[in-house]
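Across the two complexes that follow, subunit A remains constant while its partner is subunit B and subsequently subunit C.
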Partner chain A sequence: MLLSLLTKRYPGMRAWLTQRLTGLLMAIYSVVLLIRVLVLTPSSYDDWLAFSRPWWWRLATLIFWVSLSSHAWLGVRDVLKDYVPNVKIRMVLLKLVVLALWVYLVWITLLLCNL
Partner chain B sequence: MKFSIYRYNPDVDKKPYMQDYDVVLEDSDQMLLDALLRIKDLDDSLSLRKSCREGVCGSDSMNINGKNGLACITKLSDLEEPVVLRPMPGLPVIRDLIVDMTQFFENYNSVNPYLVNNDEPPETERLQSPEDRAKLDGLYECILCGACTTSCPSFWWNPDKFVGPAGLLQAYRFIVDSRDQALDDRLENLEAPDRLYRCHNIMNCVDVCPKKLNPSLAIARIKDLKIKEANHSKTLESKAPTKRQIAIKSLHD
Partner chain C sequence: MMNSNRKVQSTNPKKVRPKNLNLFTIRMPINALVSILHRVTGCALFLALPLLLVTFQLSISSASKFQLVQDLMHSPIAKLIVLGLAWSFFHHFFAGIRHLAMDVHWATTLIKARYTSKVVFVLGGLATLLLAISWVF
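Let's look at the complex of A and B:
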């Protein structure tokens, strides 16, 4: 229901709602992560591999990273809009942020696929 | 009592400076405005706005020891010395403690701060139930002093885009008014990315409001209302017949 509001018709609400929804997803993932760590207490490399390997956990981790990337993009975009008045410099910085976020996202996706 | 006051006269000074005053106060001088008027007796070049001297007109809002407030209702006994006085931040300084509030009032005007009702005017006033009237409490009391808006970083960085806490409080004041008929227009008016959603709930506005109002809560309620309204219109859209359905129906007819 809320996802249907993330359209160009509501540009202000879209960014605001996206940050809230991604924040919620990250919070849920963090709680589950904490519970899993406390219950499974992985200590060795093999333990961590077993911890991370289930397909549903890899999917959850990917959703977490997609959420983190979009959340971070919206936040950093606002900060740069506020504190970098020079449009050319701001555009360069914004492009660097997008590039960094995509590199991280592709990297984590490859890592998750190769577990 | 010791004061350090921001001074700037653009006709004379190349740049602003802080001027120290050590003033002997009378027993009757209880509020900061009393002390400022005492200083003005000593140095009549000091410029400030004032009018009602009882926290109603909002003229003498200024930055007092780093926090915005009204000089007339700020007790001298609550202030640490030297009392540092500056004009409200985020607005151009006209002279000394006087700022140009044009942008502030442009933003205020942009939310159409008046009742829109196209019904035939009744013989007497438009009535409200006590419950509907109660919804305006905490909103109508705003005196437009500008203390909240000029302590908001989102306004400092985007004064021409972000409406600011005072303007948004007033927007909500008319949004919840049962007599108003322009809800959709009012919500649409705040849809541009920087007008409403630049508020990040840091709550400086709540901290400084001399009338103890809560613009942050009003802003959060507007955001909630926008979601409800958008959901409502989406539901109506989905129930409305598509062009294809209308075409098929017209063929059958």
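Let's look at the complex of A and C:
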């Protein structure tokens, strides 16, 4: 079954499938975001809060961001593997990317919780 | 894909073999261009994440900060950055959809792949143009 590819037995297939599932999730979120913007046309601060505040939208945004973290990690990891041949420099950059993505995830979580 | 008149030096092992990694010596077909730009735009979007978070934080923190964001968005530099990132997003989006389609074995022949590459460029450009018309002007 397709989902068995997500287990640790197949790290390459797992990365491949994760990249696609998270991409699909983010694509759906982006389309819903576009439709909401076009329908609700938030222009004032109050509009914007009303736009961002519904619990389900905040949850969707959090799911989007978790997907984004995983998607960006796999993508940037592959790019760094391809273009930074020096192992030491690459390891430092990879750790910085992981750190940045965790900071962003905590950051957006706090923003969404306090909205 | 590779430059046809590059020197092949396999007869003498002491000589440095050409790696041909200079991008300017490689003529890229449209599929390769979509692919490399998928990477470039992905990196650009990753680098733009802190900017997105700061803007979102400002926009929800108070009415005056919201106004500040709106005022900042009126500057030409901000518009250029936003449109650049918007194009990055649209290209990444459509090229990603194309990848997903190919993963389910749709449009995998060379002719179809070339055609969908053009579609990706047109849709990305069109989406950015629509945004520019509706927001910038």
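Simple rule for what comes next: the second predicted complex is superposed on the first by the 111 of 115 C-alpha atoms of A that agree within 3 Å, B and C clash if a C-alpha of one lies under 4 Å from a C-alpha of the other, contacts with A are read in each partner's own complex, and residues count from 1 in each chain.
Keep in mind that, in the parts below, contacts are C-beta pairs under 8 Å (C-beta built on N, C-alpha and C of every residue); 3 or more make two chains touch, one makes a residue touch a chain.
As the structure is a prediction and not an experimental result, all values here were calculated from the model.
Undergrad: Could you tell me if A:Gly23 is touching subunit B, subunit C, both of them or neither one (first, second, both, neither)?
TA: In the superposition, A:Gly23 touches subunit C alone.
Undergrad: Is A:Trp102 touching anything from subunit B or subunit C once the two structures are fitted on A? First, second, both or neither.
TA: Neither subunit B nor subunit C is touched by A:Trp102.
Undergrad: What's your read, subunit B or subunit C touching more residues of subunit A?
TA: When the residues of subunit A touched by each partner are counted, C comes out ahead.
Undergrad: Touch check for A:Leu49: first (subunit B), second (subunit C), both, or neither?
TA: second
Undergrad: Look at A:Pro11 in the shared chain and tell me whether it touches subunit B only, subunit C only, both, or neither; answer first, second, both or neither.
TA: The first partner, subunit B, only.
Undergrad: Where on subunit A does subunit B make contact in their complex?
TA: It comes out as residues 1-2, 4-5, 10-13, 15-17, 78, 81-83.
Undergrad: For subunit C, which residues are in contact with subunit A within the complex?
TA: Residues 39, 42-43, 45-46, 49-50, 53, 56-57, 59-60, 62-63, 66-67, 89, 93, 96-97, 99-100, 103.
Undergrad: Quick one: which bits of subunit B touch subunit A in the complex? Just the residue numbers, please.
TA: The contact residues of subunit B facing subunit A are 153-154, 157-158, 190-198, 200, 223, 226-227, 230-231, 234.
Undergrad: Going by the contact rule at the top, pick out the subunit A residues touching subunit C in the complex.
TA: Interface residues on the subunit A side: 20, 23-24, 27, 30, 45, 48-49, 52, 68, 72, 75-76, 79, 97, 100, 104, 107-108, 111, 115.
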